[in-house]
Amino acid sequence: MQEQLRILAGKMLADGRAARVLGWKRTDFETAPEPSFFTAQDDLSELVYNKYCAANLSGFMIGAGKRDGVTVVFLKPCDTYSFNQLVKEHQIDRAKAYVVGVSCGGNAKVEEMEDVGWLERCLVCTKHDHVVYDELVLDESLSRPEAQDRFGGVTRLEGLQSLERYEFWQGELSTCIRCNACRNVCPACNCKKCVFDSAKYDTAAKANVTTFEEQLFHIIRAYHVAGRCTDCGECARVCPQDIKLQLLNRKIIKDINELYGEFQAGQDTETLGPLTAFNADTDAEPSIVHTRG
Amino acid sequence: MKRVGVFVCHCGTNIAAAVDVGEVVDKARLERGVVFSAEYPYMCSEAGQTMIANAVKEHNLTGVVVSACSPRMHEVTFRKAAAKIGLNPYMLEMANIREQCSWIHKDKDDATKKAVSLTSAAVAKVHLNTPLFAGESPVTKRALVIGGGIAGISVALDVADAGYDVDIVESTPGIGGRMAQLDKTFPTLDCSACILTPKMVDAATHDNITLHTYSEVESVEGFVGDFTVTIRKKARSVDMKKCTGCGACYDKCPAKKAPSEFEEGLSNRKAIYIPFAQAVPNVPVIDREQCIKFKTGKCGLCETVCAPGAIDFEQQDELVTQKYGAVIVATGFRPIELGKFGEYAPESKDVLTSLEFERITNAAGPTKGALVRLSDGRKPKSITFIQCVGSRDTTPRGKAYCSKICCMYTAKHAMLVKDKYPDIDVNVYYIDVRSPGKNFDEFYRRAAEEYGVNYIKGQVGKVVDMGDHLVLQAADMLDNRQITARTDMIVLATAIEPLKSTKPIASMLTASIDTNGFMTEAHPKLKPVESPTAGVFLAGACHGPKDIPETVAQAGAAAAKVLGLLSKSKLTTNPCVAAADELACNGCSACESVCPYGAIGYEDRQINDHGVRGNQRLAAVNTALCQGCGACAVTCPSGAMDLLGFSNRQILAEVDALCR
Amino acid sequence: MQITGEQTFTPLITAFCCNWCSYAGADLAGTSRLAYPAEVRIIKVPCSCRINPLFVLRAFQKGADGVIICGCHPGDCHYIMGNYYARRRMTLLFSLLDFMGIERGRTHLEWVSAAEGAKFAATMSGFAENIHKLGKNRRLEDLRCKSS
Amino acid sequence: MLGRTDLPNRLRVISGAKDKDCMKCGKCSASCPSYEKMDIRPHQFVSYLQRGDVDAMMNSTTVWACLCCYACIERCPRDVKPAQIIEAARLMLIRRQGDTPYVSADDIPELLDPDTPQQLLVSALRKYTK
Amino acid sequence: MVVYTYYPGCTLKTQAARLDSYARVSARALGFELEEIDQWQCCGAVYPLGTDEVAAKLACVRALMAARDSGRPLVTLCSACHHVMKRVNHDMRMDKDMRAKVNNYLEDEGPYGGETEVLHYLEVLHKHLGFAKLKEMVVNPLSGRKIGAYYGCMLLRPSAVMEFDDPENPTLFENFLKALGAEQVVFPQRNECCGGYISLRERERSAEMAAKVADSAARHGAEELITACPLCLYNVNKTSGGKLPVVYFTELLAQALGVEAEEEEAAHVG
C-alpha cells in the first residue's frame, strides 16, 4: 500500500493536479512517523504508511486549504469523519482537497518507541468505511483487531458510586500537566483563539494550580467539542500522562445517542449537530440525570 | 476604572423595614470604583431622580447602580433619567433588593447581607458596561400581503384605508380564496358571495392597493421596515390592459377538458378561463398545459375572437421587485388528500369532501345547485356527514389537531339540506361537537332540534359503494350498538392543512412553521398575529384552522400591527444584540444554525490580526433582526460571539461578586 | 440555642433566571411575599439559552454549593426556541458533571413561568434544602477563591 | 405474585397498547366484525383498562370473540391498538387458568374434517390454550 | 436462475401440498427457484401479540436467520406465515427490548437483528418479476373469467408493518389477475375477515362472515374468488358450498402458465 500511495502522490505532483501531498513521513524511529507536506517528488521516498501512521491528518487540512493549489491528503476511515466535520464547519475548503481514502488495520500503541499492542481507539473502532474520498487505495488483506464495546469504559464508570467516580477523575486529572497536547491535536479544537488563552474569561492559565482548574479545562474542552467530536481518539493518543480523555468525549456521545438518537459527528456535512438542534416534543428534561441509574 | 455611584432606595418601608439600608450604603462604598453612595426614601420619585442627576454631575460618575425594586419595574425610568443628564442609559444597572430580597426575607441580617451582595454584583457588572446605542433603520411605507383570500383582502383594505400602499400577491388567477367557493356562512347562513364580492371589488378598485394575481413571491431579502421582494408575475397570455372581460375567448375555446380548480374538480373548465363568474380581476388566463395552441401550434381561436386583441401567446413571466416595510402572510388552507383513507371510499363519486359539497349546494356550482348524486344524478334520500376525517388523528396519515371549522359547517350543511328538502334523512356521525363561538352552539342545536338532523356519537368504520347506494358501518357509542346503514351520499369533514407553498414562503421570510406546517406566532398569548421574524405578520388559516369571523378579526389585528410599524419614520433597534469578535471568529456556522431569527449571516471579510491581514469567513450579525437571546454566544466554542449588555465577562463578574 | 459549627453551614446558591418568565416569577414570589432562603442569589439573563456552562462552573469555582437554572416552560420561550437549546445543553452538562463525580443534586433546571411565583419559591426552598443536605461543595472548589 | 392493583399495569405492559391516547371516537367498535358477540365492546375495553377493571375484561366474551383481524388497529386514529388490549386480557386469562377454558384437546378430533387446514388447528390452539 | 429462500408453512406442506407444488412449478416457469429452508418449524399461525411472548417467536427467528445466512430474501406463500414472519422480523429490527429478549434465548445461534427481507410470493411477482413480464409469460390467459380477489386480513393489516398494499384499497391482487388475463372484480368485503380460527368451534359464525364475503363478491359480479390464505380458502369454500368456487392463487397462476403440479412432489408429501 505504501508503494501505491507513493506512486499516486508522485503522479499527482508530476502532472500538477496537486500542489502538495499531506502524508506521514519517516523519522529516525520507525514507530514515530510524523505528519508532513510533500511538495517534491523526490521526497516521496520518505512517505510511509504503516500501523504507526496514527496521526489524523484532517486537522492539517485547515491550513492547507488556505494555501494555493490542491492538497492530496491520505485519510484512514476514522479520519474521514473528522474531515467531513471540518467541511461542515467551513474549516476545510473541500475543493482544494483531494482525499485519498486508505485502508486501516488499526494503529499500534507506542510506548517509549516500543510497539505495545493496539491503540484503545482501534479496539473499539466503529468507523470502518470512508465517508468522504476522491479515490480509495484499499488493502483487503488488512484485518482489524477484534472489536470491543466502545462505550464499555463509560458504562463501567457510570456503574460506580458518585464518590468513586470523583476519585477516579481526581486520579486521572491530577496528573494533567496542561501541556495542551490534547487541545493542539484535536481536529475540533481549531479555534483561532481558545477561551483558555483568552484574557476575557479569567480562565487563561499555563499550569494548573488547583484541582479545579484541571476539571474546568477538561470539562469545558469536552463540552466545546460536544456534538462535534467524532471520537477520533487523538486526544487520548497523544496525552503524555495517558489520561483517559476519550471517556469524557464518549460519555457525551453516549448521552447524545441515548437521549437524542444515534448521532455520529462527521457522518455527513449537512445534519445539524445535536447541540444546535432540538426536538421540542421528545427531548428529555435535565432532571433525567437525577432520576436515571 | 469607572467612577461608580450607588443609590439605595428605602421604598418607604418596603425595603427599609427588612434591610438595613445604611449598611448597604456603607458596604457599597467599599466596593471597587465606588466614589459615591447614598440612600433615599423613594429613589423613583422626581426628587430621587434629581439626586442621582446631581451626584452624576458633582462626582463625575461614569456608572450608576440603583439598588431598589425589580428592574422590570423601574429600569426604564432610571435609564431615561440617566439619558437626560447625558449618561448613556446602558451605564446604569439595578440591584433587585425589594422583590427578590426585602419582601421575602424576614431576618434583617440575612436580608441586609443579601442586599449588599446583590448591590456588589450590580457594581461588578456596571464596571464592564459599555455605552450601547440603539440603531436606527428606515421604514418603507408599503406592505405586502401574500394571499388574496378573505384574510389577505381584509388586511389590505385596512392598511390601504389608513393611507399606505399595499400589494396583494395571489397565486391563482383571481382573488377571493376559499370563501368565494362557499355557498352560505355559519352561523348566520348569509350568502358568502354577497358579503365577499363587494370586498373583492373594493380591493381591486382601491387607489392604494395593487393586485398581483397569478403571481408568486420569488425571493425576499432584508428585514423589518426594509424588505426587498421579487414577485414573479406568471405569463397570463392575456394582456390585462387590453382585455375588456367580454368572455368571448372562453366561450369559444374548444379545449374543455381541464378540471376546474374552483369547482374542486367536479366540473371542467376551458383552457382559457376565469376561475368563476365574479372573478376579480375579470381577465382570463390561458392554462398552457391544456391549450391546443400551446400543445400543437394549431387553434388560436381565442385570438381570432378577441376584439381588443388582448391574447398574447408570446407573453413571458415578468419579475417585479419592490420594497416593503411589512409583510403579511395570508396563504390559507386546503383540505388534505384522502387517498390514504380508503375505508371511507373517497374514490366514490357519491362520497364528497365538504368543500365539494359546498360546490354541489351552490347555485353557481357544477349541478347548478341541484342536490343530486354525481354518480347517477338521482336526488339522495339520505345524506350522511362524517366528522373528523383526518383531524385529531395522530397516525402518519392524519393531522393531530382539530380542524376547528368542521363541526359548524357540517351543522350548516345539514341545516341547508333539511331546509330545502325536509324529506331527506340527514345523519351526522361525530366524535365531539365543538361549538364554542358566538352563537355557535345555538346554531348546532337548531340543526338537531328544529331541523331534525340526527347526531350519532361514533366514528364511521367503513364505507362501501354499492353502486346505487352506499353502506356504512359505524357504532353508536351512546346506544352501544353497531350500525350498518344505507345512505345515498356521504360528506367527509376533511381535515384542513396549510398550503404547500406556506413552507417555502416561511423560509424565504425566515419565519418559522410548526410541525403541522402552520406558521408560528411570536408568542401564543401576547403576540398572536406577529411571526417571530420582526416585520412579518400572520392572518388567517396559514397560522392554524380558523373560521371567517376569526380570520377577519386576526386580519384586523395584523393590520393594526402593520400600521403601528408603517407609521414610524424609523425603527430603533434593541442595542443588546449579539456581536462577533472578528479576531476570534472561526466562521464555523454554529451560531448561524441556532439563531431563531436568521439574524446571523456569513461574509468573507479582510481582517487585520496584529498586522497579519487575510480574508476570513466571519459571522455577521444583522442588528435589525437580532433579538438578543444569546443562543449564539453560548454555542460559540471560541467565545467570539458575545451578547452586548449581557456579555460573558459581565455575567462572570456577577457570579464572582455573588459568590464572594 | 447553641449551634454547633457543622450546623451553621449555610449553602450558597446561584440561580440563573431568564428575564421573561423565571425572573418575573421570582418577582411575583416577592410581590406575594413567598419566602425562600436568602442564600439564593439570582442573576438575570435574557434567556436560559444565554447560560454558558462556563458560568455554572465558575459559580462552583467561586464557592457556590448549588447552581439552579430557570427558564420559560417548553413552548413558551420568548425567543421561540432558546429553552430547547438550554434543555439539551444543560442535560449534557449536568450528566457530564455527574459522570465526573460531582453530586447530582448540586445542579438543577426548572421551568418557571412568570405566573408561578409560588412554584419559584417552592423550587428554591426545595433546592436549598437539598443542597443543605449535601453539605459544602468540596469536589468542585478552587482553594484560592476561598474567602477567609 | 402480582397484587390486584398491579393488574392494569401488567396488562398495559403485555398489550403494548396506549389506552391513555384514546379519544373515544368509537371507530374500533365501528370496524369490528365481532361486535355483536362481545359483551364489552372494543371501545369500552379501552375504558375498562383506563378504569383498571381487568377482571371484567378477562371474564368478558370479548376475549373469545376477537378475531385478530386488526381492523381496529388499522383504523384507530390515535394508534391505541384495542385488539392488543383484548389479546393481553386473553393471555392473562389463559395463563391464570392454565388450561383450555374454551376448547380441550379431546374435543378436537370431532371438530375436524378432511379439508381442515393445519393452519386452523394451530391457530385455534394458540388462541384457546396456554 | 434467481433463487429465493422459501418458507412453505404447515398447511402447504400437508393438507394443501398441491398448492405449494403449483407455486414451485410456476416459479420455475417464471425463471426463479424456491429453495426450502432445512428443518423449519411451524410459525405458529398467529402472530404473538403480547409484548412478553418471546419463545413463540423463536421458530420464526430461526427461519429468518437461516434466510439471512443464505444471503437471500425469504419468500412465503401462506398469508398467515407471511404475516407472522413479517411482523416478527419487524420486531427484531425495530423493537430493541424484544430483540434483546429473543437474542438471549438464541445464545450461540444469534444474534439476529431483522436483516432479512421477507417477501410474499405475490410481492416477488410484483416487485421482482413485474406484472408486465408475468403477462408476457402467460400461456393460457384466463379471458372471460370474472374473479374477485379476496385479501382477508393477514396480508394487509397492520399496514404500517405489513407494507403489502393500501389496507383499504388494495390493488396488488387485482393487478395479478389482470396480468393473468382474467377480469378482476373489485368488491367491498375483500379485506374483511372470514372468521379465521373460530370456524373450529363456531362454524355458524364463521359461515355467516364468509357468506358476507362471498355474497359481496357475487353481488359485484364475481364468479369465482382467489385467496392467498389457506384458512380463508377453507372457510369461504365451506360456506359457499361451491356456488362461488374459491381458488388458491398459485393454482390459478399454474393454470395461466400452463404448468402442472409435479407428481413426485405431490406424492412426496401426500
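By written order: A, B, C, D and E. Residues from 1 in each chain.
In this text, a residue touches a chain if its C-beta (ideal position, glycine included) is under 8 Å from a C-beta of that chain, and two chains touch if they have at least 3 such contacts.
Just so it is clear, the structure is predicted and the values come from calculations on it, not from any experiment.
Trainee: Chains shared as neighbours by chain C and chain E?
Mentor: A chain counts here if it touches both chain C and chain E, which gives B.
Trainee: Chain with the smallest distance from its CA centroid to the overall CA centroid?
Mentor: Taking the mean of C-alpha atoms per chain, the most central one is B.
Trainee: Taking CA centroids for every chain, report which one is farthest away from chain B.
Mentor: That would be chain E.
Trainee: By mean C-alpha coordinates, which chain is most distant from chain D?
Mentor: A
Trainee: Could you quickly compare A-B and D-E and let me know which has more C-beta contacts?
Mentor: Contact tally favours D-E.
Trainee: If you average the CA atoms of chain D and of chain E, how far apart do the two points sit, in angstrom?
Mentor: 24
Trainee: Measure off the straight-line distance from the CA centroid of chain A to the CA centroid of chain D, and report it in whole Å.
Mentor: 55
Trainee: What is the distance, in whole Å, between the centres of chain B and chain D, each centre taken as the mean of its C-alpha atoms?
Mentor: That pair's centroid distance is 47 Å.
Trainee: Distance between chain B and chain C based on Cα centroids, please, to the nearest Å.
Mentor: 35
Trainee: Scan chain A for residues touching two or more other chains and write them down.
Mentor: In chain A, the residues touching two or more other chains are 195, 201, 275-276, 280.
Trainee: Pull out every residue in chain E that's touching 2 or more other chains.
Mentor: Each of 167 in chain E touches at least two other chains.
Trainee: Among the residues of chain B, which are close enough to touch at least two other chains?
Mentor: 343, 462, 594, 635, 648, 652
Trainee: Which chain pairs here would you call touching?
Mentor: A-B, A-C, B-C, B-D, B-E, D-E
Trainee: Which chain E residues qualify as touching chain D in the complex?
Mentor: Result: residues 9-11, 14-16, 42, 44-47, 49-53, 56, 78, 80, 153, 156-159, 167, 192-193, 195-201, 205, 209, 229-231, 233-234, 237-238 of chain E touch chain D.
Trainee: How about chain C: which of its residues touch chain B in the complex?
Mentor: 12, 14, 19, 23-24, 26-27, 29-31, 33-36, 38, 41-47, 49-55, 58-59, 62-64, 75-76, 78-82, 85, 89, 121, 145, 147
Trainee: Where on chain E does chain B make contact in their complex?
Mentor: Contacts found on chain E: 160, 166-169, 188-189, 219.
Trainee: In the complex, go through chain A and note every residue touching chain B.
Mentor: For chain A paired with chain B, touching residues are 66, 89-91, 190-195, 198, 200-202, 224-225, 272-273, 275-277, 280-281.
Trainee: Could you list, by residue number, the parts of chain D that touch chain E in their complex?
Mentor: Interface residues on chain D, with respect to chain E: 13-16, 33, 37, 67-71, 73-74, 83-84, 87-88, 91, 102-103, 108, 111, 115-124, 126-128.
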